[in-house]
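Per-chain residue numbering starts at 1, and chain names A, B, C and D are given in the order in which the chains are listed.
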Amino acid sequence: MLKVAVVGASGYTGVELLRLLHCHSEVAVTCITSEQSAGRPVADVFPTLRKRYGQILENLEPVRVAEKADFIFTALPHKAAMEVVPTFLKLGKRVVDLSADYRFHDAAVYETWYEPHMNPELLAEAVYGLPEVRRDAIVDARLVGNPGCYPTSVILALQPLLRHGLIDPATIIADSKSGVSGAGRGAKVDNLYCEVNEGFKAYSVGGVHRHTPEIEQELSLLAGAKVTISFTPHLVPMDRGILSTVYARLTAVKSRTELVELYEEYYEGEPFVRVLPAGSYPSTAHVRGANFCDLGIAVDERTGRVIVVSAIDNLVKGAAGQAVQNMNIMNGFPEGMGLEGLPLFP
Amino acid sequence: MLKVAVVGASGYTGVELLRLLHCHSEVAVTCITSEQSAGRPVADVFPTLRKRYGQILENLEPVRVAEKADFIFTALPHKAAMEVVPTFLKLGKRVVDLSADYRFHDAAVYETWYEPHMNPELLAEAVYGLPEVRRDAIVDARLVGNPGCYPTSVILALQPLLRHGLIDPATIIADSKSGVSGAGRGAKVDNLYCEVNEGFKAYSVGGVHRHTPEIEQELSLLAGAKVTISFTPHLVPMDRGILSTVYARLTAVKSRTELVELYEEYYEGEPFVRVLPAGSYPSTAHVRGANFCDLGIAVDERTGRVIVVSAIDNLVKGAAGQAVQNMNIMNGFPEGMGLEGLPLFP
Amino acid sequence: MLKVAVVGASGYTGVELLRLLHCHSEVAVTCITSEQSAGRPVADVFPTLRKRYGQILENLEPVRVAEKADFIFTALPHKAAMEVVPTFLKLGKRVVDLSADYRFHDAAVYETWYEPHMNPELLAEAVYGLPEVRRDAIVDARLVGNPGCYPTSVILALQPLLRHGLIDPATIIADSKSGVSGAGRGAKVDNLYCEVNEGFKAYSVGGVHRHTPEIEQELSLLAGAKVTISFTPHLVPMDRGILSTVYARLTAVKSRTELVELYEEYYEGEPFVRVLPAGSYPSTAHVRGANFCDLGIAVDERTGRVIVVSAIDNLVKGAAGQAVQNMNIMNGFPEGMGLEGLPLFP
Amino acid sequence: MLKVAVVGASGYTGVELLRLLHCHSEVAVTCITSEQSAGRPVADVFPTLRKRYGQILENLEPVRVAEKADFIFTALPHKAAMEVVPTFLKLGKRVVDLSADYRFHDAAVYETWYEPHMNPELLAEAVYGLPEVRRDAIVDARLVGNPGCYPTSVILALQPLLRHGLIDPATIIADSKSGVSGAGRGAKVDNLYCEVNEGFKAYSVGGVHRHTPEIEQELSLLAGAKVTISFTPHLVPMDRGILSTVYARLTAVKSRTELVELYEEYYEGEPFVRVLPAGSYPSTAHVRGANFCDLGIAVDERTGRVIVVSAIDNLVKGAAGQAVQNMNIMNGFPEGMGLEGLPLFP
């Protein structure tokens, strides 16, 4: 049994990790921390865990955590992660970090969009943990930067097209829509039920959302050239799910059927990518609670554009599920272990 | 008092017309028809109307309707509208038709996307009833084709840019999101609560939605040249509201502030268009139940694109409210009469 | 035009008052206060008001407010209300207070459930403002204590039965369910979208909710004897609406039809009470945004109990709408003025 | 591996069985039937199952089904179940039936509330499958009548009180609230998103819901005397979950703490019943997707009543999960096998 710690468990990503790890047969959760609720039973903070998790939430003291666990998930806000991750690594632990702190190859990009980096030397080593893009590098990684939710949905949508050079990267527009859990569990008026319910809105309009450079970094690597995109996130009145509608101009005439086949081939063997048949498009309702990324592909022949629609559960494939998938790869477990649960519908 | 008929009142648009007309001081609703519920009190079909509407739903017999009313709203499915509208006109009535049957200037376009037109000769006369675009023509119209919900949101978003020639029309992408009432009140599994709730999806992907040619017709007129766009509708788990996120490449360098000012100027004096201050973006929650179209404008300097976000209530500015606005213009009533109600929030 | 102030306008009740007063033809809103947002345009705080309310939110200085307005709505938390209401009265203003501070006839009851009362001498004068119970007393009141949302729904449900002595008051159980707007606009984790959505729960279980003594006070007056009830509130994942299911043992054999007739007779002429036909039961969806109280009556012959189901919009008949109704009565306006809007459906 | 058939898989209960059985390590689903979708891949009907269930939906031919499977779940409407269950039994199969057809000990009761019974002789043998009430009888049952969703929530709420004789059974009132999935997947206007969303209502008011006699049958057995109750179901705008608020008069003075302890003792060792600490009450949000029944107990000292609040997921503990639990008991599997998944939150 792998002894695992969940560091920062008072948010939605933390409790989702606990939910998934509970069904993982090779893992024991031996330490759970929360700065704001230390000392309280975790099942008090999240009553869903009652009768299954008896643990008390602990303070985040890295050395103590490292004594109790061999593998560490850090589900902290950015900056808080880079304050503790180096200690875990020094003590010989392997880490999947769910913040943005280790997702960037170039510290300058991180610093432009976030803040000064405290251990930029780790960025060279950290692996951007999208298994469908770089599974091999994850196997031996000490430190995985778990991808953001929006980037996961956009990168998986575009990978086959970029690898095959079928679109003009300068024309990419990603219009993404997220459920409210992506906004976290902080007590803000903006996220109150009555503020969010029965409304739909855009935010961070104009290319200013922090996931933009993360998406661009990965798309650029796939395209083999610097890619700049327009990315607009929106807020959907639902708990979970991200749907991205991604537009680009095709550089060659391709039919929908051809592209669906190309995607099926490209993602063949991937346990968590489901390419939908031509004419079907994904819904976040069909991935809720599961680690799938569903993809639907259309061609608008009148305008010469391809439109790829992708759906994930932002807390699973967009966060905790992908983190578990990375842990499995890093430890030689079957990649889908603990992730067998099918989507909850309705 | 103008005697008004609401023809086809068993759907959401019909009941919305009745809701709005109840507060209109120059109007008396003298006839309400419904094929499927004829003979039943309208307040049985829509309990919201109890104690305020005592009428019995009638069969749709055009001559009888015309005897009772001088002004007619037809809230019928397409095709059903063109079966009765000519009779109303012959009998000297004026009509606002909320179907697609009289929105197209060119019968061929209608026939490509819908079906053979039964009275194409009326298309030359019918006025596309978007007051913010052609108020003057509405004044004397006998027949107004009330715009579709998506088209209203997209056309108002782009009008100032196209009139000023500030964007490349070939680059227009409209990514639109609608509440569920847009799908109507038919008994379909797809629209059941549990199928729709907590999910978000795209539909009619690839430029195949019937509102596409309607949008293109109007944008082409504004641009003075044929415009082809990519339009993708989505379904949001909420009752009401449409939000359109519209992208286009700027043909000149313009700052957000400049564009906000241009929009403010352009729509100055419009009672129902609200241009938001720079940095603010609309939410459908802020127009729910009211006839407003809220607009927010951003510039993505990295990509040279403008992004306009527009929000309307699909049943009000996108249907019944706009129809009442047209009726007001056609009859010389104050344009906002009966439309004074502010949005319901929360 | 009556000059009106809305004191405490940063909550949901405040904005609802502004929404309703906007359509009132005898009223001008001349002063709007908010402690937390003073100095900001009210339309910044509530974008629904854009282009219709240009006012700046003011600090709550009672003397200044009184200079600007002749009639005052206080939409403050309890305690904050009794700090300012006496000043308004002294300056000759009339007040509808929407807090709990002036709802109790007996200061001791208030002090048991709330806190020490600062001006108990006003309680004798204040009128509990439920027009369907004591319209006459409201006419000349200087100070009206606007009823709580739950009490409104329960008292109107039981009034005919208690007045006719048809139930055993010792057997009354009120099981009430409220939308989330009743919890206010404070930034609390408990009221976040993701905490509330897709869940249903009871709270203040065991007779400890503060609306209990308020309901009992009024039921006791109707019954002519002290009444003690079981009252359990619940939280429904929706913005607006209260539905109360009220149970009591009949003291005489009565059929459903007889009771429906009795209710129809009792509430005949009431503009805002709608007694549903036998076999129909109310839904909060059918009163959303309007000042109605819908009532459905059933008899469970197997157990000898009557079950009355009542539905209101907690922000309208349960707060702001009832306050406007009271204002109308106090000023000799038609009772329904400004309250003509029909429920929004869907 | 136990070969299992799911008969009637086009509804929400059917797909929930498939979801749960997918994670059960001792079971292989070898046959899935659906009258309305026979011949289609099950993953077409429920896209959540894509890439995990490759089966084609079959017609319901009992003999063929019995050739393929040794254990059968019938998730059919009532009446349809009793048309096929006898055949399965004759062919030596064991059955968990999720309809109402085998829940009643007395055919006369079934016939009063439903219709003539086609095989009343089986009622004596069929076991009402509530493990927390009669686990021992389930072990050897050939035929289990899986309890209704409302009855499960009410019976578990009252069992300890009735067994200890602590309440007057004549005073029991069960006020229950259900998510919309309980209404099934039929195409009805009443269950459309826009009809249900943002509304709350009661239905089958007055003791006329068919779950009433089922609850009374079981409560009578627990009380050792005939029990008649008032039961009112309500519809909550959410997908899943039932919360029952159950009232009764205590026959002895008991404090909340005493009763919580009594419940803890009573349900000690039960894997799926969670008694909440004094002062905590359940939410359906905390059992979503899992097989738990959460219980909270309050005493209203002013009225001498106990109030028990219970929460389940209607599709899990109220249907498919309980069915799997019964299957486990009948086959000697660990009782929680396949039911390890924790509730999904948010």
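Operating definition for what follows: a residue touches a chain if its C-beta (ideal position, glycine included) is under 8 Å from a C-beta of that chain, and two chains touch if they have at least 3 such contacts.
Chain labels with UniProt names: A, B, C, D = N-acetyl-gamma-glutamyl-phosphate reductase.
For clarity, every value in this text was computed on a predicted model and none was experimentally measured.
Among the remaining chains, those touching chain C and also chain D are A, B. The fewest steps needed to get from chain B to chain D, moving only between touching chains, is 1. Centres computed as Cα averages put chain A at a distance of 46 Å from chain C. Mean C-alpha position of chain A lies 36 Å from that of chain D.
If you average the Cα atoms of chain A and of chain B, the two centres end up 38 Å apart. Multi-chain contact residues of chain C (touching two or more other chains): 12, 181, 194-195, 197-198, 237-240, 282-283, 286, 288, 346. Interface residues of chain C, counted against chain B in their complex, comprise 12, 15, 18-19, 22-23, 46-52, 181, 198, 239-240, 274, 276, 280, 282-283, 286-290, 292, 294, 340-346. Contact residues of chain B toward chain A in the complex are 173, 175, 177, 179, 194-195, 197-203, 205-207, 228-230, 232, 234, 236-241, 243, 245, 247, 256, 281-286, 288, 296, 298-303, 305, 307, 309, 311, 346. Chain D contributes residues 12, 180-181, 185-189, 191-198, 237-239 to its touches with chain B in the complex.
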